[in-house]
Amino acid sequence: MKKEILELFDNTYPNRDYTIEIVNPEFTSVCPKTGLPDFGTVTIRYVPDKTCIELKSLKYYFLEFRNAGIFYENITNKILDDLVELLQPRSLSVITEWKARGGITETVSVHYSSPL
Amino acid sequence: MKKEILELFDNTYPNRDYTIEIVNPEFTSVCPKTGLPDFGTVTIRYVPDKTCIELKSLKYYFLEFRNAGIFYENITNKILDDLVELLQPRSLSVITEWKARGGITETVSVHYSSPL
Amino acid sequence: MKKEILELFDNTYPNRDYTIEIVNPEFTSVCPKTGLPDFGTVTIRYVPDKTCIELKSLKYYFLEFRNAGIFYENITNKILDDLVELLQPRSLSVITEWKARGGITETVSVHYSSPL
Amino acid sequence: MKKEILELFDNTYPNRDYTIEIVNPEFTSVCPKTGLPDFGTVTIRYVPDKTCIELKSLKYYFLEFRNAGIFYENITNKILDDLVELLQPRSLSVITEWKARGGITETVSVHYSSPL
Amino acid sequence: MKKEILELFDNTYPNRDYTIEIVNPEFTSVCPKTGLPDFGTVTIRYVPDKTCIELKSLKYYFLEFRNAGIFYENITNKILDDLVELLQPRSLSVITEWKARGGITETVSVHYSSPL
Amino acid sequence: MKKEILELFDNTYPNRDYTIEIVNPEFTSVCPKTGLPDFGTVTIRYVPDKTCIELKSLKYYFLEFRNAGIFYENITNKILDDLVELLQPRSLSVITEWKARGGITETVSVHYSSPL
Amino acid sequence: MKKEILELFDNTYPNRDYTIEIVNPEFTSVCPKTGLPDFGTVTIRYVPDKTCIELKSLKYYFLEFRNAGIFYENITNKILDDLVELLQPRSLSVITEWKARGGITETVSVHYSSPL
Amino acid sequence: MKKEILELFDNTYPNRDYTIEIVNPEFTSVCPKTGLPDFGTVTIRYVPDKTCIELKSLKYYFLEFRNAGIFYENITNKILDDLVELLQPRSLSVITEWKARGGITETVSVHYSSPL
Amino acid sequence: MKKEILELFDNTYPNRDYTIEIVNPEFTSVCPKTGLPDFGTVTIRYVPDKTCIELKSLKYYFLEFRNAGIFYENITNKILDDLVELLQPRSLSVITEWKARGGITETVSVHYSSPL
Amino acid sequence: MKKEILELFDNTYPNRDYTIEIVNPEFTSVCPKTGLPDFGTVTIRYVPDKTCIELKSLKYYFLEFRNAGIFYENITNKILDDLVELLQPRSLSVITEWKARGGITETVSVHYSSPL
């Protein structure tokens, strides 16, 4: 998961708060216990400060998880950490919704707000 | 309903609040009055503290109800009690939604918040 | 509408607030003006105190309305009155949603909270 | 079930085959075994010959079943018999779809074609 | 219902069979018995021969029914007659689906095929 | 738009706040610019004080708009004014949702609260 | 799987072909390999000859599978065999649709027609 | 993007706050990086002060973007700026929801409130 | 509409019939009468012979229509002509479904089969 | 794509035709041109002869495609070839439905019937 892949571009409207929501319903990674693939939808919602995330580079960042063995909870928190570190956003949420395994689905959601 | 079946794993991100929602649409138990099976969807939503619930063990825990005679309201409250005792979460909700009987459906929901 | 039909059972978890929602999409009564049947969905949502309502007896209570001529608004308020008197709940809502007549639908909702 | 309630009107276009489908999602009758109400959707589809069925009288005909104890299969076949006798249609189908009882739904369908 | 309102344009591809389907979910007329408005969806499906129907003029043709008192069955057959006379199509169907009155919906469908 | 058409009936439960929502998905009026019909859904939601609106008279009141040329925004506000004047409700909202014109839809919503 | 549980009743309309479809979305059995429960929807569609299946007894027949270890394909064929032997129907189909396991769903369908 | 295209009309009810929501699901512009078209739904929600936006002119304003190369975030903010400058509304929101590119969708939303 | 933009690739399985369906829900062209844009979904379904259509080049081919003024019926037939000439398929259908104008939608469908 | 991974089990009911449909909505492979992942749903529908496909081994067979670069059309035909060779079924279909790329979706379907 090289977060160096992520590219930013300047926020043209830094004087106002506005919200960008990005949804990737084609996220896949690998279960570290079984080695079998997991499938989920990743939603990122943030209020940009000085920079915005470039969509195509975000797509490549998500691809880094394709063959990585990592738990739902850790994926969600790691995406938050990587994006907060790079974007320095005013606020940012990550929500991951996972397809059923053994008939059971899981959703993990985490939120960051910049200190005032 | 042996709650000993439940396994925990360490929360890797204990310094932040985040939410885990688990949905099992394949829950079944037995009506203590008629002996006939009930079918429902169980949703668990919690903010972990030091530990998280392991999904597969949760599945086996749910299986313990398969042939047990127990009312909707008591199932819901018992799942809350078992999970709160084990997980010691920051907060936890249990929602059970039951398939129609006699044309009537029931939903039971209960919430726990850890004392400050 | 004999509310004596309604049966209660003891709330096993009176020390905590939790919510029970019951939905009956097969409610029918008779329009007192036209004598024609009305069809609706009745939703009851309450926080029990010492007692809970027994589902099967509730079904028979609803059946009492089948051939009774009574307006939407009065049905909704009467169900609230009957259930509050019997259950003495911490809070209780009744929502009735009626199928279209002359292309127009109506929904009536009323809420009760026990005095502190 | 007095089928005398049904009124007919002349088919203005008897020289061509065309199809009339009538759907009543608010049908209710009583289970002859339990005395409890059944709820269903009745669909009638026919190619008229000399006469068509008047909708309002059909509504009153359906109302005759409201407090009658009769099985799904017999309701369906009786409606077919009554309508075929009156309408003398080129063809006619009756489909009844019943709400779940004990978690199980039933649909009954029967078709009539006039002899050449 | 002045069918003179309808305009045609030349079919550019008369050497092949192809199908044009037009759906108007905003059709309204008046019930000749009650004087109350009826609402429906009109679908026209045809294989053009030498001419096609111009959409805007069809819209004005439909408007002619707005305040006219006419039965479902007759509207459907009249639209077929008007369009067949003008378009001389290879085949043409008219389907009208009507919003519920007294909880009951009706659909009328009629088909025309040009003689070989 | 003769609001004299509207009839009221006494509120049987004036000692409690409850909400009545009425939805008419079959509203139509005429665009004052093009003369073409508009189609929309009108929702009225109110807390009655001494009186309630009679549904059938409301249907006839809506019919008054059928051939009237009036803008979306003015219809919405006029319905609010008429109903508030008559009903003297504790609160009342009107929401009108209009079918697409040129691919664009519009929704207008306005709320009234009685002064304390 | 004691098929003796099944009860029949006389077909009142044996002189005509008509179709009865029964759907049970609350079927559950046990996977013989893993011992874990399977969940599915069972659909039975048949043209009765001299007898019809009684719904409540069918419900109890389905319950016999609740703790039995048996493959999807065999359940489907066994239900067909049992019902054909008892009902001697003019035709009968069984369709079983199974909830996802490992992200993969399966549907099995089999049809019987009585020899002429 | 000539905002001069936009036409206003007088708000007939300036003494009360009410909300107008306009949705255009047929918005298209061009990606400045790839030159390929983007497709989205634009929602505008505002409380008018002295003037309202005329719908047809808004449609032409949206058409100005058809062949313009401009990013999602900038379109959203520019529409807000143009409409706020012209309408001087009490409040106004713009939400743009974009069709998937590379399997990923984006939604941008921005809100303006007039200073008190 | 330069059909030279279209690229083909060899069909690896020419010895068997199989079907390829391509759906583009983001098609847009211009109405030749009003100059306003039309929006539609184009579906192409074909059985390849020696060659298949390359998806990206098809996308660019569709883009050629973006600013072209052409009627629904002619677009549909022209796409058929272009693709049949290039692909020489065993069979090919084109279906275009257009968003509502004046509340009315249109669908055009045409089919080609290679001579035996 | 090692088809050796696939396991079979004996068909217990070889004397009758019945249909097994398997759906995997979590299929993923890699586009050989761009190196980017493709996502699709694979449906297999077959009438078994002497053997059936074991579901878990089929899951592992699908996993072989996860990092393989192969076109939609070839995946579909290869799955057919592999399964027909192994299962020797009475008939077998493969349908693959692919998520949008550049706003365009594709579905490929192929059918095999055993020679009589």
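In this document, chain identifiers A, B, C, D, E, F, G, H, I and J correspond to the written order of the chains, with residue numbering beginning at 1 in each.
Quick note on the criterion: a residue touches a chain if its C-beta (ideal position, glycine included) is under 8 Å from a C-beta of that chain, and two chains touch if they have at least 3 such contacts.
Remember, it's a predicted structure, so these values are computed and weren't measured experimentally.
Asks: Copy of C-D's interface among F-H, C-F or A-J, judged by over half the contact pairs being the same?
Replies: A-J
Asks: Consider the two chain pairs E-I and B-D; indicate the one with the greater count of contacting C-beta pairs.
Replies: Greater number of contacting C-beta pairs: E-I.
Asks: Using CA atom averages as chain centres, what separation in Å is found between chain B and chain J?
Replies: 37
Asks: With chain centres defined as C-alpha means, what is the inter-centre distance between chain H and chain I in Å?
Replies: Going by mean C-alpha positions, chain H sits 32 Å from chain I.
Asks: Could you state the distance in Å from the CA-based centre of chain G to that of chain I?
Replies: Chain G and chain I have C-alpha centres separated by 45 Å.
Asks: Could you state the distance in Å from the CA-based centre of chain B to that of chain E?
Replies: Those two chain centres are 56 Å apart.
Asks: For chain B, jot down the residues that touch at least 2 other chains.
Replies: Chain B, residues with two or more chain partners: 26, 36, 39, 99, 101-103.
Asks: What does chain F use to touch chain E in their complex?
Replies: The contact residues of chain F facing chain E are 26, 28, 36-37, 39, 63, 66-67, 99.
Asks: Within their complex, state which residues of chain G touch chain A.
Replies: Counting only chain G, the residues touching chain A are 36, 39, 99-103.
Asks: Can you name the residues of chain A that touch chain H in the complex?
Replies: Those residues of chain A that touch chain H are 11-13, 16-26, 48, 52, 55-56, 58-59.
Asks: Given the complex with chain B, which residues does chain A contribute to the contact?
Replies: It is residues 73-74, 76-77, 101-111 of chain A that touch chain B.
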